[in-house]
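After this come two complexes, each holding subunit A, first together with subunit B and then together with subunit C.
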Partner chain A sequence: MATFLGINLFGLSGQLLVGLINGSFYALLSLGLAIIFGLLRIINFAQGALYMLGAFFAWMALQYMGINYWAALILVPLAVGVVGILMERYLLRPIANEDHLYSLLLTFGLALIMQGVFTQMYGSSGMSYAIPDALKGGTRLPFMYLPNYRAWIIVASLAVCFSTWWMIEKTKLGAYLRAGTENPAMMQAFGINVPLIVTLTFGFGVALAGFAGVMAAPVYSVSPEMGSNILIVVFAIVVIGGMGSIGGAILTGLAMGVVEGLTKYFYPEASTTVIFMVMVIVLLVKPAGLFGKEA
Partner chain B sequence: MKAMTRTLLSVAMSAALVSTGAQASLSDDKVKIGVLADMGGVYADICGKGCVAAVEMAVEDFGGKVLGKEIEVISADDQNKPDVGSAKVREWVESQQVDVVTGLVSSAVTGAVTKVLTDNKKLALIATSASNAFTTKACSPYNAHWTYNVAALANGTVKPMVQAGKKNWFFITADYAFGHALEGVATKVIESNGGKVVGKVRAPLGTTDFSSYVLQAQSSGADVVALANAGSDFVNALKTSAEFGLTEMVDVAGLLVFTANAKALDPSIAAGMKLTTGFYWDMDDQTREWTKRFRQRHDSIPAMGQAGAYSMTMHYLNAVKATGTDNSETVMKYMKENKPNDFFARNAYLRNDGRMVHDMYLVRIKKASERKSEDDIFAIEETIPGDQAYAPMLSQCDFK
Partner chain C sequence: MKGGDEKIRISDLHAFYGESHILHGIDMWVNQGELVTLLGRNGSGRSTTLRSIMNMVGRRTGSIVINGNETIDTPPHKIAHLGVGFCPEERAIFSSLNVEENLMLPPAVRSDGMSLEEIYEMFPNLYERRMSQGTRLSGGEQQMLALARILRTGANILLLDEITEGLAPVIVRRLGEVLTQLKERGLTILLVEQNFRFAAPIADRHYVMEHGHIVEEVMAHELEAKSEMLNTYLGV
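Then we have the complex of A and B:
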C-alpha cells in the first residue's frame, strides 16, 4: 500500500474525496445564507430549520402523496420558498428598518418553533427515506467505494452553486438585484419594484435550504434536530468566507469540508470544532473574512 | 371466653394501630411521584411524555390511591441538562414533597439527580439511563435501575458474536460519557472472550456525516464494526455504513438501538441486525395487551424505558401499600426482598446494589417482507437470563 510519512495515501485520498462531498453540501447550505445576508442584510437563523423543513416535506410528499424524489427535488424547494416568502412579507418586513438583532432573534425564535412543532408531530427519532433506485449502488475506485448518491451530491450541488453565482454576479437580473438592495431609493426611482425583489431574493435563498434538505433526506437522519446540528457550522463557513460574498461562501464551503474530513482522519475528536478554530484565526487575521470586502 | 374476647380485642386494637400508624407515616398525606425526562429533545421518544403516560397508567391501574391517600404524578423537562434536572429535583424534594423520582434518561442528568435524591434520602427509580454507574461506582442505597444498562447490552449483543468467531472489532463511539462507558464494557467482553479491538474512532455527539469514519472502519480489517452510540448518531452512522457498502463487507452491530430508531431506518439497510433490548411490545399476549392500553394514552408503541417506568412505579406502589409507609429505606427494603413480576419484569429481582436483574432479549431487525405492520420491527431470537446479561454485584454496593 502506498504510504508517505507513515500515512496511508489510499486512505487519505478517500478522506479527501469524502471531504469534498461534504464540502459541496456545505457550499449549497451556506450559499442560501450568504445570499440572504449579502443582499438583504438579514441574519437568517431559521435557515437550518428550513433545511429540516425541506427534508420533511420530501418525506411527507412521498408518504402522503406518492411524489418521488425527483419530483420532490423541484417541488419541495418551491414549497419551502413559499414559506420563506410568507416569512419575509409578514414577519421580517415589519421590522426591516430595525437593528439586525431583531431579525436575528425573530428567525431564531421561528427556528425553535418549527423544530418544536415537528418534534411534537413526528417525534425525535426521525423518518426513513430511501435512496432513489437510479442512484443506488456505487463505483469501486482504486482507493475507495464511491456510492452513486454521493457522486450525485457533488454534481448537483456544484451545478446549483455555480448557476446561482453566475445569475447574481454576471446577469442583468443579478445586477438589478444587487443595485436594488444597495440603493433602494434610486432603484425605486427607476421604476423597479424593490420590495418585490427583496421578497423574491429571500424566497430564493430559503428555497436553496429546502433543496439541500431534499438532497440530505436519503443519506442523513430526517429528524427535527437535523437543522440545528448543521446551522452553526454553516454560519461559521459564511463568516470565514466573508459575510455576503457568494463566491466566497461556495469556495469556503468546499474547503471546510476538506479540512473537516482530514480532521476526522487524524484527530476525530476535534472534527466538530476545527471549523470554529479556523474561524477564530480568520477573524483575527482578516476580520472581513477571506473573500469579504473591508467595510 | 374471657381470654378469647381479650385476644380478639387485642387483635382489633393492633389492626387499628397498624392502619392509623400506616396513615400517619405517609409523610404529607399523599404519595407524590415526579417524572423527569427529556420532553422535546433528542431523547424525547425513548422516555419523555410516554414515560409520564406509563407512570400515570400504573397509578390508575393501582387504583389512584394508596393507603387511602391520593397518588399524585408531576413531570418536568430536563432538556438533557444536568443542571436543569438537578435544580428541578431539588425543588421537588425540598418544597413540593415529592417522594420518588422516575423517568431519568440521559446518564449525565441521572448522575446529577441521583446525588440530590440520595442527599435528601429520596428514591431514584431510573427507567432508561444507559450508564451502569448508578449501581457501580456511583451506587447508592436510594437508587433502583430498571430496564437495561451498558453491561447488559454488551453481554447480550457482543458476546455471542465473539464466540461465533468474529474476533476483530472496530468501534465508532459517541465521544461522551455514555459512548465511552459502552465502548469500555464492550471491549472487556471482547477481550475476555478471546477477541481484540483493532481500531476505534470517537465521533462527537451530533455528527451528521459519518462517511470518514466508515472509510476508516472499512480499511481496519475488522470483522465487526460496533456502533457505540445512540439516537440520530446511530441512524446516521448506519445509513452511511450501508451506503458505502460496509454492511455488506462486515457485520455492523448497533449496541444501543431503540424501537423508534429501528423504525426510522429503511428495512433494506437495517434488516438482519441483531441487538439487545429489555422489552419488546410484540412478545406475547401480556405485552400486547399492555401495549394496547398504553397506546390509548400515547400515540406510539412503547419504548423499553416506558414499559420499565410502568413496571417500577407499580413495584414501588405495591411496596408502599405493603409496608404502610413512604419511608424510603423501608420501601426500598421491601422492593429488594420481594420480586417484581409483571408483563415487563420476567424472572426479575431487585438486587441489593439497586440493579433490577431481569430477562433481556436478543432480537433481529425484520426484513420488509416479514413485517405485518409498520410497528412490526423485531423478531426475538433468544431470551438472555438476567444473571448472564448483567454484571455481578460489587461488594461495596451491597446495600441490604
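Then we have the complex of A and C:
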C-alpha cells in the first residue's frame, strides 16, 4: 500500500475526489444562489428543492419518455428554469417590494411543498438512475481508481461555473447584470427592461440547480430529501464565501468540498460539521464573508 | 414661444413619493434646441420634475408629452427610447463596471449618437482612464462620464441634474463649453442648476420653482431686469 509519512495515499486521494465532487455540486448551487441574491436580493430557499426537481425531472424523462441523460442535461435545466420564471413572475414579483423576509418564507414554503409532493408520489426511499453508457467504467491513476462519471461531474460543473463567471464578468449581458445589481432604477432610466432581466436571471439561477440535479441523479439516489440535505451546507458555504460574489461562490463551494473530504480522511467524526465550524470562524473574523465586500 | 417644435410639454403634473405630494401642477415646455434651466432652492421640486419625466417617482398624474408621445402611462424603461438621456444628481456611475463599460452600458436610443472616438475626443481624460473602475475617477471625471454615457446613446433630449455641484471652477468652465457645443449640435437640454452664474450665460429660458410650483418664467434677456426677484427666490 502506498503511504507517505504514514498517510494512506489511496484513502486520501479517494476522499479528495469525493470532496471535489461534493464541491462541484456546492459550487453549482451556491453560484445560483449568489446570482439570484445579487440581482433580486432574494434568499432562495427553494434552490435545494429545485435541484431535487432537476434530478426527478431527469428520472421521469428517462422513465416515462425515454429521454436519455444527454438530452436531459439540456432539457431539464430549461424546464427547471421555466419553473423558476413562473415562480418569479407570479409569486415573487407581487411581494418584491415587501420585506425580504417574505420572499425567504415564500421560497421556504415552496421547497416544503415540492418536497411533500414528491414524497407523496414516489416515497422517500429514493430511485436510482443509471450512469450513461459512455461514462461507465473508470481510469486507473497512480494512487487511485477514477470512475469516469465522477471525473465528468468535476469537468462539466467547472465548465458551467467558469462559463457563468465569464458571462457575468466579461460580457455586455453580464455588465447589465452587474449594473442592475447596483442601481436598477438607473438601468430603467437608460431604457433597459429591468423586470425582464430579473425574471431571466432568476430562471438562470435556478436552471443551474436543475443542471446540478441531473448531474447528481446517477451518483446520489434521486429522493425528495436530497435537496434539503444539501441546501443547509450550501447556505453555510454562501455565508463563508460572502453573499453575491460570483467567483467567491464557485471557489468557496469547491474549497469546502475539499475541506470536507480531507476531514473525512483525517478526522471522520468532524466531517459533517467542519463546514459549519469554518462558517463560525469566518463570521467571527470577516463577517462579510471571504469574498464579500464590507458594507 | 409656444407651439413649434416642442420636445417636452408638461401639463398639470403632480408627483408623489408615498404620501408626500411633491409637485403641485407643473406646466412647462422645452423646444427643440433650447437650453432651459429649472432654478430654485433645494427641495423646491426641480429634481423631482426631472425624475417625473423619467417616471422614477412613486406616482404621477397629469400629462408629459415627449416628442409628441404622451408618456404618463409609459413604463420607465421605455422613456429613454423616445430619445431622452438622464444624468442624475448622484451621477450613478456603476462601481462594478470600468469606465468604458460604463460608457457602453446604456443601449443606443437613436441612431446618430456620438461614437466612442468622438466621446474620447470631447473628454480626453476618460480615454486615459478607460480601464479604471468607474467610481475611482475624480468627481469631475465622473460627471464627464455620466454626461458622455448619455451622449453615446444618441439621446437628443438631455435632462441634467446639478451637473456642476461640488466641482472645481476649471471643470465647471469645461462643462459650460461642452453644453454650448451640444446646443450647437441641436440637442435639447433641461438643466437643474444651483449655480446661477454657470446657467445664466448659456440658457435660453429659466423656470423658477418653489414648493412644487413654477412661480416664474424668465427669458435670458430679462435676467438683468428681474435679478432682484430672482435673488429673493433663490436666496442668494
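Here, the second predicted complex is superposed on the first by the 288 of 295 C-alpha atoms of A that agree within 3 Å, B and C clash if a C-alpha of one lies under 4 Å from a C-alpha of the other, contacts with A are read in each partner's own complex, and residues count from 1 in each chain.
Keep this in mind: a contact is a pair of C-beta atoms (placed from the backbone, for glycine too) under 8 Å apart; a residue touches a chain by one contact, two chains touch by 3 or more.
As the structure is a prediction and not an experimental result, all values here were calculated from the model.
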Determine, under the contact definition given at the top, whether A:Y220 touches first (subunit B), second (subunit C), both, or neither. first
Return first, second, both or neither, reflecting whether A:S13 touches subunit B, subunit C, both chains, or no partner chain. neither
Contact breadth on subunit A, by residue count: subunit C or subunit B: B
Is A:Y145 touching the first partner subunit B, the second partner subunit C, both, or neither of them? first
Within the complex, subunit A is touched by subunit B residues 40-45, 48, 175, 201-204, 206-209, 211-213, 215-216, 218-219, 231-232, 235-236, 239-240, 243-245, 258, 260-261, 263-266, 268, 300
Looking at the complex, which residues from subunit A come into contact with subunit B? 8, 10-11, 14-15, 18-19, 21-22, 116, 119-120, 123-131, 138, 144-145, 147, 149-150, 219-223, 225-226, 229-230, 261, 264-265, 268-269, 271-273
Note which residues of subunit A are touching subunit C in the complex, please. 172, 175-176, 178-179, 181-183, 185-194
Any idea which subunit C residues touch subunit A in the complex? 54, 56, 76-81, 86, 88, 92, 94-97, 101, 104-107, 109, 153
